[in-house]
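A, B, C and D are the chain letters, set down in written order, and residue numbers restart from 1 in every chain.
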Amino acid sequence: MIDLADVSYAYPDTDHYVLSHVNLKVEPGTVTGIVGASGSGKTTLAKIISGFIPHVDGGELSGSVVVDGATIADVTLSEAVSHVGLVIQSPFNQISGAKFTVREELAFGLENLGVAREEMAERVTAVAELLGITGLLERSPYALSGGQQQLVAIASMIIMNTPVLVMDEPTSQLDPGGTRMVFDVMSSLRDAGITLVVFEHKLELLREHADIVHVLAESQLIASGPSRAMLADPRLEKWGIGSTRFTAAAAAARDRKLLSKDAELPVSLTDAVPEFRAFAAKKGA
Amino acid sequence: MSTTLFDNRKSVIHRLNPVTKLIALLAIIVIVFAIPLWWVAGIIIVVIVVPAAVISGSGGRLLKLSLRILLPILLVLFIVQGLTFPGGTTVIWQWGIIDITSEGLLFALGVGSRIVVLVLASMLLVLTTHPGDLMSALSERGMSPKFAYIISSTLQLIPAFRVRADSILLAQQARGLSLKGSPFRRIKIMLPLLSPLVLGMFTDVEERSTAMEARAFGSTAKRTALIPVPDSTVQNVSRWVLIVLALAAVATPIVLGLL
Amino acid sequence: MDVSFDGVRYTYPGGVEAVKGVTLAIPSGQRFAIVGQNGAGKTTLVRHLNGIFQPTEGTVHVGDWTTTGHTIAELSAKVGYVFQNPDEQLFARRVIDDVAFGPRNLGFDLDRAEALVAAALEQTGLSAEAETHPHHLSLSERKRVALAAVLAMDTPIVVLDEPTTGQDERGVRMIATIVEKLQSEGRTVIAITHDMDFCAENFERTVVMAQGEVLADGAPSEVFIQDAVLEKARVEAPQLARLADALGWASRPLTVDSFVDSLPAHRR
Amino acid sequence: MSSTATTPADSKKTRNRIFIAVGTIIIVATYLYLVVGQPTDIAASSFSQSGLIAIAGYVIGAILLAVGAIHRLPTATVAMVPVAIALNIVVGQLVSVIGIPVYLDSIGTVLVSALAGPAAGVVTGILTNVIWGLTLSPIALPYAVVQVVIGVMAGYAARLGMFRLFYLAPVAGAVTGFVSAIVSAPISAFVFGGATGGGTGAIVGAFQAMGNSLLASTTLQGLLSDPLDKAIVFTIVVLILAALPSRFRQRFPFMRQYNVFGRKAPVLKDATAAAPTVES
């Protein structure tokens, strides 16, 4: 669904490569998580996948970017955005402001494309239902909580019917309640057949919702693997990403020979409970 | 959540097609300026503006808001022109070196009556028309969607801008910035206040434009609208009648030789 | 410097009562954290400390001052407040000038100001960026500039509003180190946070707020065991406390070490 | 923000050029008609007709200019205009509350003109007054043309490099203020009879008492305040430009093309090799 081959990029007027020789393959209908320390180039990569680099930001991009069958560099931005949608960090900036109710806000993109009225109405209803925001449709987009606003922002992209959706730290400005809302929506989107790429640093939630995790460090996608194995990888410390306390506790227990060396390290609560249950069930040494 | 003066009610006036109201406003303005008789403005106020305001239910707010704008202007107009109108010869009241001329007062009456119509009628339009509806209606008639975007989003941005300005003021005071002092000092403290405001809002622009592009704002397709703007044949006919009336008003003084 | 809230209520001009009778005494040198959902009244409460809000009812004491009757600028000599959004305060063309803004406003002499600014940049890991334009830095770095700007004011009380949001692992650790250092210098640290692990590992006292009221007050180990309170405040316990709960333990270890230490005891 | 955004078809380009040309001609013609064919002031009837011509000519001209200009703006600029308008209005209101004898209600317009060129300035200018009319007072609407003039002049000042040196900006501002005073005078005179506010009305009265015509009086009154106001505005804008991070400034093709701010600031993160120590 997404195929980045040997992609390197430098912003305009700089000779410093933010990304160099990046390779990424994403299977359709999966949730891919990308983690990286601050300043590792997450936003840049998000913009490359979604076509804003090179179409808007310019700069020097080499390698090939193919998303949903389209070679991004060869199509116009308008075409690129019909293949892949981008949800930015701040819902405040994602909302157009041109509309005074959530219902019209959701339709903004479809109006721009000239979609017929009946079809727009249907798609608005369907998307609102999918994200559970039907009750907000008549409210002002600016009178919502941060979490609700982010759901509206995501809905406003989903309605564009792009098969691929890129989310750049969609929960960074939300409280734990809002964060849960957004992550739960990711799973329903995957069930609806959308391919998701999520840039995040909330490791426990990423473990629960992502299929594959890639690590962005030293201007490359330096490692990847299934979410549990990757997020429990001790090298994440070195790359400035850290680990959950579940992983840290299990690793410490392993060091003290309380857990078996072969046991896979847990990342989330759900991973951890069986590991430690098994330990408790074993007879004392 | 926006800064508009829109007074949300369900009257007939509120439900009119915004373009009908806009054309009515323009016709009224053309008529009062084209026919230079103060009582024409008076008749328009009594026969059109006041009844419309009463029907809309926004009359109270209209009166309050318009008075606040009009009172200082009218006061200055009558005093200044009454006293200093260049063509004034007939002195009707004198006190020391101050004379008030009837020509001056008549001139002020003429100008003042037109200003009153201008303010009352446009205020009524603003009070009874949601800006979003006005934009949809104009877009339907071919106005660039960029205008609609800019106007609507500015209206919603201004409150956010104010909130941000307040936070900045607090944040800098919390860093020991004192607001007291000489006028020169007060100008100097503008920098730590204005600079984060401008920087923050303008750097947001990059994200906002990215989000807009992602939602096909750059598309060249013919736009559609989710919610149709209500219209009727009666309104369509009235719009043409209003346009004809306005043109007639422009012709009247020439025909009657008033010029 | 001691701080106390005495029966503080605050009603916004719009009529919303955000703080409904809070009484708390925070002794000098304490590391004190407030947790709770957005809208629980946390920020409104702590903004009373530097006079941004004056209580509708009750009093707020900072040292021997009552905040009523003192301006924000006056209180800034005692209470340093790091706002959540750094972009609402950074204005200078160089990081170093922004950090020096506070000490200059407080009228420190040049030598002292220079020393404080250098120390603050050092602690926040920004010494190498002193000459950079703040807006050429990442958000997490800008947040640290805002923190440095307050550290350089050398106030006996430091308030941190959501210090860890947008920070990566390295940034969170740096902030934890700063909290510890501030306490070792005898300064009071008051933090609002959504990051329960950060709270559990770095603060000696935690208050849970919901709907303008204090629901629980005590050491994190005492607070994060009160499931009913956490539920009511919609606060999730720290990761290890949740794990201990799921494993059916009676205690709630909060650090990796204490968790692993109590592992053998829970073997059947 | 590159030129690849949307390139309108050539026929549209021609149409937009015609809009801009006709709009400009109408505005100039309106002013000349009102000044040259100035009514005698005593015949109130022709005076009122002049009011109509002033409003109609200026409003139609401004709308044509804005319509012609808006099609040239890429999305990135369109997204910036609301911020600039909000800046105009919030600062303008703040100043009127404080009661300083200047307006400072065009900082956003001038800033946008400097960053993105005259077309962007024109759109910002006219829509500022439309929004002022929608939110505060309809009195602002007839004056939309004045902000248009400010946008155009500031944009060309930027192209000519007036923002490269700190002392040139206020000069360009004063010139802009001079032109905007001249352009706005017929509105103040023929539509509002010189009475747009307490202080300004009194000054108009004083000039009239000295034997000037109403139009001459409103022109003189404008010349007393506008050049100073715009000189301050341009100076503030130059200070803001200086405070903006170079990376942000470089994002605007107009800024790069005409080298608006002068020295080409390095875009690379300033290499701070030497260990910095505090220097005041």
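Please note the rule applied: a residue touches a chain if its C-beta (ideal position, glycine included) is under 8 Å from a C-beta of that chain, and two chains touch if they have at least 3 such contacts.
Just so we're clear, the structure is a prediction, and the values are computed from it rather than from any experiment.
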Those chains which touch chain D and also touch chain B: A, C
Chain pair bearing the highest count of C-beta contacts: B-D
Chain B and chain C: spacing of chain centres that average the CA atoms, whole Å: 47
For chain A paired with chain C, centre-to-centre distance based on mean C-alpha positions, whole Å: 29
Inter-chain centre distance, chain C versus chain D - centres from mean C-alpha coordinates, in Å: 45
Chain C, residues touching no fewer than two other chains: 91, 135
Residue list for chain D, restricted to those that touch at least two other chains: 1, 5, 76, 82, 243-245, 248, 269
Multi-partner residues of chain A (at least 2 other chains): 56, 77, 97
Complex interface listing, chain B residues touching chain C: 164, 167-168, 170-179, 191-193, 195-196, 199-200, 203
Chain B contact footprint on chain A (complex, rising order): 47, 50, 52, 56, 77-78, 81-82, 85-86, 88-90, 92-100, 103-104, 107-117, 120-121, 124, 140, 142-143, 153, 156-157, 160
Of all residues in chain C, those that touch chain D in their complex: 91-93, 96, 100, 110, 113-115, 117-118, 127-133, 135-136
Complex contacts: residues of chain C adjacent to chain B: 50, 52, 71-73, 76-77, 79-81, 83, 85, 87-91, 101-102, 105-106, 135, 149-150, 153
Partner chain D, residues of chain A touching it in the complex: 11-16, 55-58, 76-77, 97
